[in-house]
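I have a structure here, written as structure tokens, and I will follow up with some questions on it.
Chain naming follows the written order as A, B, C, D and E, and within any one chain the residues start at number 1.
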Amino acid sequence: MRVKIGGVTSLQLDRVRRSFPSGPTVIEDLNLKVDAGEFLAILGPSGCGKSTLLRMIARLLPPDSGTITTSPQHPRTAFVFQDAHLLPWRTVLDNAALPLELQGVGREQRYAAARAELAQVGLADAEQRYPAQLSGGMRMRVSLARALATSPSLLLMDEPFAALDEITRFNLEVQLRELWCARGMTVLFVTHSISEAAFLSNRAIVLARRGCAVILDRPIDLPAERTHALRSDPRLGAHIQELFAAMEEE
Amino acid sequence: MRVKIGGVTSLQLDRVRRSFPSGPTVIEDLNLKVDAGEFLAILGPSGCGKSTLLRMIARLLPPDSGTITTSPQHPRTAFVFQDAHLLPWRTVLDNAALPLELQGVGREQRYAAARAELAQVGLADAEQRYPAQLSGGMRMRVSLARALATSPSLLLMDEPFAALDEITRFNLEVQLRELWCARGMTVLFVTHSISEAAFLSNRAIVLARRGCAVILDRPIDLPAERTHALRSDPRLGAHIQELFAAMEEE
Amino acid sequence: MIKRVLPPSIPLLAVIALMEVAVRQGWVASYLVPTPTAILKAMVESRVELAEAFLKTSAGALLGFALSTVGGISAAVLLSSSRTIQRSFYPYAVFFQTVPIIAMAPLLVIWFGYGMRTVVASAFVVSIFPVIANTLTGLLSTDPALRDLFQLYGASRRVTLFKLRFPAALPQILTGLRIASGLAVIGAIVGEFIGGQGLGSVVDVARTQQRVDKVFAAVLLASVLGLALFGLINLISAITLRRWHASEQS
Amino acid sequence: MIKRVLPPSIPLLAVIALMEVAVRQGWVASYLVPTPTAILKAMVESRVELAEAFLKTSAGALLGFALSTVGGISAAVLLSSSRTIQRSFYPYAVFFQTVPIIAMAPLLVIWFGYGMRTVVASAFVVSIFPVIANTLTGLLSTDPALRDLFQLYGASRRVTLFKLRFPAALPQILTGLRIASGLAVIGAIVGEFIGGQGLGSVVDVARTQQRVDKVFAAVLLASVLGLALFGLINLISAITLRRWHASEQS
Amino acid sequence: GSTSKIRLALNWKPDPQFGGFYAAPFQEAKLDVEILPGGAGTPTVQMIGAGSAEFGVVSADELVVARSMGNDVVALFAVFQDSPQGIMVHAERGLMAIEEVFEEGTVALQKGLPYARLLEKQFRFDHVKIVPSPGGDITAFLADPLFAQQCFIMSEPLQAKRAGAKVTVFPVADVGYNPYTTVLATSGKYLKDNAATVESIVAAVRSGWRAYLANPKPTNDKMHQMNPSMDAATFTEVAEAQKPFIENEDTANAGLGSMTKERWKKLIGQLQGLGDIPAAIPADDCFRPV
């Protein structure tokens, strides 16, 4: 189910292949269509090619063959990488403001936006610290704030919450979902947590260990508004069961 | 509950304090006693000082004041860091064999041990790859294999499974528990997954956001053998509830 | 302060004492190595001449150093832009290192005239290569993940250069400058052998007058100049890297 | 193969063509810059003398380079062992860079005699500093997390040096050697001006005889020697870094 | 014509061998001359040819070689009529003739110089070790009793004596190689275009030398200020010692700095014989007679 379709991005992958030198083919003839405004959760065993897939969609890596088309052709993309990837010589604030800086946003404005996102992820106090002075989870949160500050139309997230404690994580999940509802962006969300996938998304896919084929593709039929109450909802449980079964088969 | 006490390590922290230059005090007067052979799960909000605590116990960081005593004084310690920390110029096999190499174990023997652990974490195929050619989860698994290959008497683990898919993770949890039963080592296990903490440990503590005080310290009274069946056991559920409540309070 | 000044002066004092004793005891002939007191005397006696020469050499070395900083960094930027360009031109940079300035004296004088400009040209030619080599290695070593980040947010080559690759390469660029600073001094002095001024000229004359004391005095002043430049770069290094780079953290 | 050889030869051919035309057209006087054909003629005519000189210079430069590689790396290891040692002795290393060898000629001749030993000493003195500076920066830049890893597993300083800090510093050490290789050649030639043999002697004699063609021929041979050393280091760099370091991946 | 500066490039620092240039009354002749002191590496002959300096100080053999390479340089005024080059040995060795120098020990010689090859031709270097000239430094000489070195007769021997060594000097001129040295030269083109200026420069230089020979003190003081590394006593001593090289019967007849075609011819022949120039060149082109 879709909430808003405004200025969002749809994408389509056709027979996409990708391998790395001296390794087996990671992604073999993958076909995938993501509608504008979808919140797609991507599950799959470690090493199956999820990060590679996101990097190809972000045009950081070309496919060996096949095509990836997005509409619009150059969507405003943000990416929360699997690792935080902060610039060690910049403070937390300057790291969070980086994408805006690169996009030419003025100083005041980008600091305001970055500050707002840092507050959201609970780092208002840590603005002036350097990455080396942060804990692992704090670094990931800076990286999260950095991505969200850009108001993307396509948001790629690679296990963004894996390094966070469950309370923070649950809160951020709810916030992310609210943001998605409000801004109406397309989200591709790689996660290892099956319950997180089911809780957050409108559609979840499970990828195969070899070849990265889509072995399960399910819409998640749950209320648009996802609150903590939903966590114990049996409908969510059913989805989790199904996804878990698909993962286990692999 | 304890299974074996053999050549294991007990440890005691007395009024341990630690702060970093130009930051608030991270750990304030922490007292903690861990018996030999315990499997202690450590929970706490992101940035509260869990990694700092483990690093002090491993003697990689001195406390500002207070004492940390272990018995024996120099236990054989292994550490799975929050990040993989692999040597980029070494293959997966040579990375996994590194601690044994440093301890002077012969070539054949250390490769055999490393290979066995790599197989356990599902990386038998990737032996000859370099870290840059691995996925995030694979890197973490190498780091896991590296620690386990040393047969430690004190095993410190800092969110070792956070980057793994749930199936792999569940399997590794069971394996770790078996290993602990068989080898009888002391394990300190930092995790953000409350259910994981309850499933694995014999005792769980929750640390406070400020000052890193122990705000909850509970033995986990569950059967010694932890199988997948236990995951739906209501006793586990009760523990999870309790831990969750404590975390949420924070 | 004492901790900063004392250690470096101990070896100096030791060398001075040893020299004084060695010469006075006749272990080394005084026409070969002067006593430190003789050097001091020469410095005081010829203070006006030496001060003037020192200023001239300083000006030449500084200008040459500034040129090779700018030129070397620019060249490295160019070389780093493509493998083909690197293959095509990097080898020629080696030429700058291996050509004996003295052999090119006529060309220098004819192209740059007599005096300061020849001195500057010589300092430049002699000191540019380390800047090129170190900057190039630095620029080529940028973390690919961070490069992806910049690409994702649409940073131009220029912006990526200034906001990512330069700062990341800074520790290595500074090392290049450390090397270049000393070479600029020696380059200036060799240029002065040709162009006839400054400390080079003093050395040239004092040599034929068997004034070892004065030769050493001039050489010592050249070293002081080199040390001043070196100290300046260390200061810049400490200020810029202190917050984030391992090499400036104790 | 063609892709490797062609690009570097284009600028060379361009320069050769330009030189030939410039001199033939009288834009540059032929007693200042010889035509490439004149250089070639000089090379052929004096082939025996030049070949012999080339071998002598090669031997001197190589020996000096080997000494400064070993000496420079050792010195850097020593300097890296403590801040105090670094503060005490690093400044003195600068001395090696700023002392004009010509001014020290009498000392060299008296201590090392005429001939090869003076040449080697000169090559050594001139080329050691870049090795020290680059190795030191490299050694000081080791990732602290990896240092922790080695400390944890009880690695001695020596083992940490060889298995961690050296490999990690390798890209920078190799850059230092790239710089040192060219300097060793120039140092050898300057030493030959004093000690009287090899290409230095050829340049010296040809200069007094105003034989620019022969001067250029000798200088060119010195560059060839420098390039050969440079190529050797590039080869070592490609082999050792190809698998894991960004600077050798295209 | 032009009001631009006229540059005179020396191949060493201000010292008595250039005394006459510093004493020359250029200003009185309305000549705006800038004297550029040089160093061991200053390439004066190329500078003149390329126009980096209008005038320069060279030696006659250097000039002949340059001309044969196509560098049109013309001698105007030869300060040293006899070559002040020599070989210096320790007096204790008791050597009586220059050939004995080459019987044992070490000789420091700049191998590129024509006379070095002439000596080799005449005396063979089979029994001595030839090492590069230390360029005015005498440390190695002092350290080794069997060390001999090429020298400037007014310079290194004096230094050695001061350092306590007893020396014998054999002038190279004695073996028949005697080019003019410290020769004022200009380029053929400049000479053609500015004949009058050249004329007045040479006149000023000649009167400068005359004045310097008569009373070197004021100029020495001036030069000493510019080159304080050389002490005042040395200035006086050298100025005195160099007189016989500058003034002789020829100059008494033809004037200071004058040159003869015969000597140029002889030099050209010698250089051709030594292989320094591929073919003889016209002696008339080498210098401009007074």
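Please note the rule applied: contacts are C-beta pairs under 8 Å (C-beta built on N, C-alpha and C of every residue); 3 or more make two chains touch, one makes a residue touch a chain.
Since this is a predicted model, take the numbers as computed values, not measurements.
Shared contact partners of chain A and chain D are B, C. Note on connectivity: the fewest steps through touching chains from chain B to chain C is 2. Homomeric contact chain A/chain B is classed as same-residue, with over half of its interface positions used by both copies. In terms of the distance between Cα centroids, chain A is separated most widely from E.
By number of C-beta pairs in contact, chains C-D lead all other pairings. Centroid to centroid, with C-alpha atoms defining each point, chain A and chain B lie 28 Å apart. Note: centroid distance chain C to chain E, computed from Cα atoms, is 36 Å.
The geometric centre of chain A is 83 Å away from that of chain E, both derived from CA atoms. In terms of their C-alpha centroids, the spacing between chain B and chain D amounts to 50 Å. The set of chain E residues touching two or more other chains comprises 46, 50, 137, 139, 143. Residue positions of chain B with contacts to 2 or more other chains are 83.
Among the residues of chain C, those in touch with two or more other chains are 32, 102, 106, 110, 143, 193, 200, 207, 212, 245. Contact between chains, as defined at the top, is found for A-B, A-C, B-D, C-D, C-E, D-E. Of all residues in chain D, those touching chain E in their complex are 29-32, 105-106, 109-110, 114, 193-196, 201, 204-210, 212. Chain contact summary for the complex, chain C toward chain D: residues 3-4, 7-8, 10-12, 32-33, 83-85, 87-89, 91-92, 94-100, 102-104, 106-107, 110, 129-130, 133-134, 137, 140-144, 171-172, 174-175, 178-179, 182-183, 185-186, 189-190, 193, 200, 203, 207, 212, 215, 218-219, 222-223, 225-227, 230-231, 245-247, 250.
Of all residues in chain D, only 143, 145-146, 148-155, 159, 163-164, 167-168, 170, 240, 243-245 touch chain B in the complex they form. Looking at the complex, you find that chain A touches chain C at residues 55, 58, 60, 77-79, 81, 83, 85, 87-89, 98-99, 101-103, 130-132, 150.
Listing the residues of chain B that touch chain A in their complex gives 20, 23, 43-47, 50-52, 82-83, 122, 129, 133-138, 141, 158-159, 162-169, 192-194, 244, 247-248, 250.
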